[in-house]
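Step one of this worksheet: look at the structure below.
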Amino acid sequence: MTPLSYTLVITGAPWSSQAPQSALAFARELLVAGHRIDRVFLYGEGVLLASALATPPSDEVNWPKQWAGFLADNAIPATVCIASALRRGIIDDTEQARYELPGNNLLEPFGIAGLGEWVEGNVKSDRVIYFHGSN
Amino acid sequence: MTPLSYTLVITGAPWSSQAPQSALAFARELLVAGHRIDRVFLYGEGVLLASALATPPSDEVNWPKQWAGFLADNAIPATVCIASALRRGIIDDTEQARYELPGNNLLEPFGIAGLGEWVEGNVKSDRVIYFHGSN
Amino acid sequence: MSTLIIVDQPPYGTWAGREALDMVFSLAAFDQPAALLFTGAGVNWLRKQQAPDAIGQKSVEKNLSAAPMFGVEEILADTASCERFGLGPEQLVSGVTLAENLQDVMNAHSNVAFAG
Amino acid sequence: MSTLIIVDQPPYGTWAGREALDMVFSLAAFDQPAALLFTGAGVNWLRKQQAPDAIGQKSVEKNLSAAPMFGVEEILADTASCERFGLGPEQLVSGVTLAENLQDVMNAHSNVAFAG
Amino acid sequence: MTSTQPANPTLHILNKPPGHPRFETCLQAIQDCDQLVLTENAVLALADRSVTLPAACKAMKADVDARALNEQTRTGTIDYAELVRLTAKHSRIISW
Amino acid sequence: MTSTQPANPTLHILNKPPGHPRFETCLQAIQDCDQLVLTENAVLALADRSVTLPAACKAMKADVDARALNEQTRTGTIDYAELVRLTAKHSRIISW
């Protein structure tokens, strides 16, 4: 099998959709199969996966932390769409300073950037796979 | 007309649903008509309306700020369901300390409490009106 | 005054069903009469032997079977929806009552609400 | 390589339609061939003279009419969906092409995506 | 579980678009004595030729204007002041 | 806007429950040479007697197990490793 490169786009939020869970199971198998993940891109409600403040009960999976660990362990770039993130209150220190906001909550290693990075995935990756909410 | 007391429950998120907008238009007319709003209760995805970090483009309405202004101006109690809020990363300073989180983002005058306050609305208010997402 | 909470969204793909359960348990905890109605794709919450470990979630089967103990008055399921999804009595978790007519169920409660 | 972005959610009640427009304009801004297809309740984005001021939102009519200028190749609408919602040629914003067959439209593009 | 009291007149507030499962369930649940108000995406029912609406049906004017459906005459429109009056008049209200 | 190339075999990944408008649109869009994979809420189609599924259809095992649908035999199940193989095999993939 020829290894391929993938961009994964997540548009469904944790605790509202199953998208982050399904995407993580898929991403893990991609690496097992020897494929490469160029980038994970969070769009729309999917940006909530990058919240550093999400605190589910201790007997439930913390999807943002699971994802952050997977991304860091495998050095996979992950981008949160800036327009979606600002509207929905996902903020890094740069945006906090720019808009004089009382805090920030972007979970590392997620970074904030524009849809240009999604366009780049469309151009450069062999496959772009979307994980949407289901309602 | 006899003035009545209302509890409003918002379960749809701003920038994913129209619920916060419709609820605010309704709430304003309730007061114009002489009714009382006992409490506004945010549940499920509706808790995102209490984000202090939401930053829409400057030519769009900031629904959390609009709601916060309306609540403060009219001294209306507003509660964010604690279970929904913790999962979705809406955190006040008390929860920040309890869970040793890197920050907090609850917008004043919203407060965090349990479903008990929703139950109280069911018992004490003459009407409980829900504003859901539409997908 | 009694409250009917309706679940019409299927399990695991969204959170509305779980949040509906939390609502009904809260009412019961404060001694308020409460019942649950599952309808449409929501009846799939009531299928026996769900095993959501592989998708990183917890089953609600235990919560549902504990519902009477916590004071939830009734767990109802829409008959036509159960038939559509092939849910016969042997597939259903215990303690579920079939309901033929949505209008009758709703008229028996003073409040009716969805979780989302 | 060309990308078709599909909008099947109606206007104003959710954000998916707006986020689909942002996607198609971004592709065009980076000189990537892109087209929009409106289908199902999504065709209601294409009705002339929307006035969402009273609900605190902005109309996308101007954005849509500027689409060709920004390099968006086509704005397509599913014929059957337009008929269902009573959208004749005189109700539609300008620049929309009617499409009879979803499979043909999809086969003409190498990528097909929804915003959410 | 039997319906004792005769149908309690209910105000149904529906915001789902036609074609949504809950839109269909709501229309089935409406009784002759009930009032339906279409809000948000549900006002698209005014234009949808596949939908039959009950007689006692109103649509929110702000939502109708937003979607440019003001020439659709299948139902009358109401403003938020009238919606408030309807919620005060009905002790039973269901938001779908 | 005419379809020039003969149908490009497409992998359709569907996560909406039966009854959702996009579930119906997806089934209409599937061509004979296409592969359908049911994920998340869409696996309920295995139990839904009102749904007719295409021949080339698989369901995600984790989602089928979660919903206790393992005795439904209308389609075979696959794991994530097989889903990865299907995405590598198809250059055209649509997530509904």
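Each chain gets a letter, A, B, C, D, E and F, in the order it is written, and its residues are counted from 1.
Please note the rule applied: a residue touches a chain if its C-beta (ideal position, glycine included) is under 8 Å from a C-beta of that chain, and two chains touch if they have at least 3 such contacts.
By chain, with names taken from UniProt: A, B = Sulfurtransferase TusD; C, D = Sulfur reduction protein DsrE; E, F = Sulfurtransferase complex subunit TusB.
None of the values given here were measured: they were computed from a predicted structure.
Touching chain B and chain F at once are the following chains: A, C, D, E. When chain centres are defined as mean Cα coordinates, D lies farthest from chain C. Of all residue numbers used where chain A meets chain B, over half belong to both copies. The two sides are thus made of the same residues.
For chain A, the chain with the farthest CA centroid is E. Chain centres here are Cα averages; for chain A and chain F they lie 24 Å apart. With each centre defined as the average position of its C-alpha atoms, the distance from chain C to chain F rounds to 28 Å. Multi-chain contact residues of chain D (touching two or more other chains) are listed as 12-16, 40-41, 55, 57, 111, 113-114. Listed for chain A are residues 15-16, 18, 22, 25, 44-45, 60, 83, 128, 130, 132-135, each touching two or more other chains. Within chain F, residues 15, 17, 19-21, 40-41, 62, 91, 95-96 each touch two or more of the remaining chains.
The full set of touching chain pairs reads A-B, A-C, A-D, A-F, B-C, B-D, B-E, C-E, C-F, D-E, D-F, E-F. Taken in their complex, chain B has these residues touching chain A: 13-16, 44-45, 48, 51-57, 60, 64, 83, 86-91, 95, 99, 101-105, 135. Residues of chain E that touch chain D in their complex: 15, 17-19, 40-41, 44, 47-50, 61-63, 65-69, 72. On the chain D side of its complex with chain E, the touching residues are 10-14, 40-41, 44, 47-52, 54-55, 57, 83-87. Remark: chain C residues 8, 39-41, 74, 76, 97, 99, 101-108, 110-114 touch chain E in the complex.
Across the complex, chain B is touched by residues 1, 3, 15-16, 19, 22-23, 26-27, 29-30, 32, 111, 113-116 of chain C.
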